[in-house]
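Each chain carries a letter (A, B, C and D) given by its place in the written order, and its residues are counted from 1.
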Amino acid sequence: MAKSKFEYVRLYELDDKLLKNVWMVVRVDGKGFHKFTTDHKFEKPNDLAALNLMNDAAKGVMSELQDVFMAYGQSDEYSFIFKRSSTLYGRRSSKIISTVCSMFTSHYLFNWNKHFKDPLIYPPSFDARVVLYPCLRDVKNYFSWRQADCHINNLYNTCFWALVQKGKLSTLDAEKRLNGTVSSDKNEILFSEFGINYNNISEIYRKGSTIVWTEKKCENGRIKKVLQLLTCDIIDNSFWNTYSASLDLKV
Amino acid sequence: MAKSKFEYVRLYELDDKLLKNVWMVVRVDGKGFHKFTTDHKFEKPNDLAALNLMNDAAKGVMSELQDVFMAYGQSDEYSFIFKRSSTLYGRRSSKIISTVCSMFTSHYLFNWNKHFKDPLIYPPSFDARVVLYPCLRDVKNYFSWRQADCHINNLYNTCFWALVQKGKLSTLDAEKRLNGTVSSDKNEILFSEFGINYNNISEIYRKGSTIVWTEKKCENGRIKKVLQLLTCDIIDNSFWNTYSASLDLKV
Amino acid sequence: MAKSKFEYVRLYELDDKLLKNVWMVVRVDGKGFHKFTTDHKFEKPNDLAALNLMNDAAKGVMSELQDVFMAYGQSDEYSFIFKRSSTLYGRRSSKIISTVCSMFTSHYLFNWNKHFKDPLIYPPSFDARVVLYPCLRDVKNYFSWRQADCHINNLYNTCFWALVQKGKLSTLDAEKRLNGTVSSDKNEILFSEFGINYNNISEIYRKGSTIVWTEKKCENGRIKKVLQLLTCDIIDNSFWNTYSASLDLKV
Amino acid sequence: MAKSKFEYVRLYELDDKLLKNVWMVVRVDGKGFHKFTTDHKFEKPNDLAALNLMNDAAKGVMSELQDVFMAYGQSDEYSFIFKRSSTLYGRRSSKIISTVCSMFTSHYLFNWNKHFKDPLIYPPSFDARVVLYPCLRDVKNYFSWRQADCHINNLYNTCFWALVQKGKLSTLDAEKRLNGTVSSDKNEILFSEFGINYNNISEIYRKGSTIVWTEKKCENGRIKKVLQLLTCDIIDNSFWNTYSASLDLKV
């Protein structure tokens, strides 16, 4: 195709290739989801439909980008990790970040009606970043960090909303009440005041959602790779040992 | 909120701040849109509903990111230019790229039903990149490049689909017929064989879509900033002169 | 030449090209020069031989890299500015930084004996960084920043060493005496206590050294480009106007 | 110290921190050394004094930057590898590159007279780059690449200069003669025509120079870390095993 004399402006593009042979983690985060979840009347402290929608969006990304071998999500965020040998888009940072973020957004909207009766009032958006990890230990600790964060936030939120919804405190008073408390205090409030044993709360709320590739035997005997949703502990090594075949763990 | 011992993995994040005081252009591109437009039966060579949807998505981005002072779109791509003084997200490249791309994607899906009767078969996605321009001349030439590209592709496609749809050529034969032809040859084919005067074709197809902020007087007398869609020539300086108040043209 | 199977490790190299069409400023700084100047018995507050050596080193860099159109030095630092259109080493950041720094270092050592009787006790080193400037105003302000810094430091040092050398204060007492003083206080101390009119102090100490390319008529009538050392004010526009032909000032 | 109103220009500086926890290799290369070695009458194909000077310069760098645990040099280049945990200069790329390059240059000039009778005619310079390696295997292969390169070049040069110096061929004819030859051909030429057994040539020419830290028992019984020069094979694992205590090999 003919080229114009203006073509030279392409020369301003700079290369943004990421280092070879390290794990790339792309984390997608909801933008302004405090307002979005309120406007769309998400249940507090956790809305199962909303989490299922996030999981569908993440599965959508993984189906389209098979170099992603694992994803972990909680609240309004999702992390995707690529095989360290991945050469997707020549490892160009902007391509990888924007594609993951766009796919996630697109699957989120596409699947909205599957999980919510009421239509979207306005379009939600996400941002994304990429972080490189050269060591398996730090890869595991990255996911441990996000799962620990899920736990810390969920314990707080569970307690906060019990105080508000059942304890009839104002949100301000609930906040004051929790100010300075540690984990055991919050467990105690939940148990003694509201009869809630935190450990009996649904695992998906306490542990977040992990998605890995796994093999399934089809009726015709063939093996097929399918996505499997887990809500287990991923801080403990047992997860990494159990799923080692599906995970890119070689150093 | 409490922090876990895993928090240290954040230290792997690298700064990706873009140079101050230069124009940032983010270009969003459809991924696999050849297949997407075929599967969704877009009219060839141009589908007005599809272009209107792209324009809605671009207006959505501009409404949310007021530092974008102009956008230009054609085919399955859209370019957004930020004021050179913009400090959005501390000018972090990944934040800017991912947010623009996610917002565009989200508004595209959100508005789909407004333009198309049939629902989406699967979710489309986009990628994005950012390019920096330090000179006004090159900013103008960037948009000239995209508009020249629009013209070159549209003339080719208009001719190609006339040969296929009206000339009953196979796509392969149409391709062969156009191989090696220059603009005047294509204009001649359109005119002599199909009675089409290329210059009479709708401007939105030949020139693409340009969106700028403009002022509108409300009934109460107040001035309001609104988005205005244009389909004019933006290679010529007259566009830049006419809209200079809305454009960030200071050097 | 034959290639080994190990050649693939080159693929880890990342591109570090700098944005086109902006001014590149490389600033070279002495490493540990507090100790170096003491060990080599530089005169305080200013050692003319040391400054002449710095200027020789800077001229050496400019002779080898003709895209540098101006340099400014003071104390143990020197800044070099490249034409905005420079394509030296494909604008690769590491090449530009390391080459300027190495050339400066090399000319510094090469010319040492020209300025100092005693040999070097150990080899001094420098570091370097590059900063990009898209606007002429900021280019001028960059050099104004360094010249203002020269003035501030030199006034302080002149006063400090007068108190120590002539006032017989300990360095600690001199420091205390100057703590909290403003410019006028220091001028007053110099004048009333030591009879020094600061404005009569040699310009090279107060203004630093500026080097530009200028034209010289040879005996045979030909015009030759030569390096010219100036010690004038470069904050004022008159410098930029006078030397505009030698400076890359086009926007 | 007072700050000027021009200080804001610092905000144009961009962060260039290198990824944590990967090996950083800085390679320094002579600039225009073909001409430099000719002008300074270096012996061909190898000048022992010149190699000893390079080794002194490399030792100088390692003495000043103790995070460098190994260096390898051949011809006019030297590679320095930093401990993967190094936090030198906050891992800022420009600081690391420029400092290594400046120190190398400075020690090269400082030690010139120790190795050469005639003074430098003009100051030589070097450039430098940094490459990141996340895997031990690739670190080893990086050094294998440079040593294989040393071998390939040295065999060629040994043969070329034998043909010129002893065979009395013009440089052009020597080049033609070697065009298309493989290693065994060159070994054969050396042996049959000039009686040279390539494997008997001094190891420093065939293998290059490797410097590591090693421990030495002082007279007073204390252990001191000293730099050790080796000319052994570093492609073979035996080097890595022997010196594993001095090398940063943990994954």
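Everything that follows uses one rule, which is that a contact is a pair of C-beta atoms (placed from the backbone, for glycine too) under 8 Å apart; a residue touches a chain by one contact, two chains touch by 3 or more.
Computed from a predicted model, the values in this text were never measured in an experiment.
Engineer: Which one of A-B, B-D or B-C makes the same contacts as A-D, at least in over half of the residue pairs?
Structural biologist: Answer for the repeat of A-D: B-C.
Engineer: Measuring centre to centre with C-alpha atoms, which chain is farthest from chain A?
Structural biologist: If we average the C-alpha coordinates per chain, C ends up farthest from chain A.
Engineer: Nearest whole angstrom, what separates the Cα centre of chain C from the Cα centre of chain D?
Structural biologist: Computed from C-alpha means, the inter-chain centre distance equals 30 Å.
Engineer: Could you state the distance in Å from the CA-based centre of chain A to that of chain C?
Structural biologist: The computed centroid separation for chain A versus chain C comes out at 51 Å.
Engineer: Quick check on chain B: which residues sit in contact with 2+ other chains?
Structural biologist: Counting only residues that touch two or more other chains, chain B contributes 12, 14, 19-21, 132, 138.
Engineer: Could you please specify the touching residues of chain B with respect to chain C in the complex?
Structural biologist: 19-22, 132, 134-135, 138, 251
Engineer: Along chain D, where are the residues that touch chain C in the complex?
Structural biologist: 1-2, 4, 6-10, 12-14, 16, 28, 31, 60, 64, 93-95, 97-99, 101-110, 120, 122-133, 138, 141-142, 144-145, 148-149, 152-153, 156, 182-183
Engineer: Across the complex, what residues on chain B touch chain D?
Structural biologist: Residues of chain B touching chain D: 11-12, 14-15, 17, 19-21.
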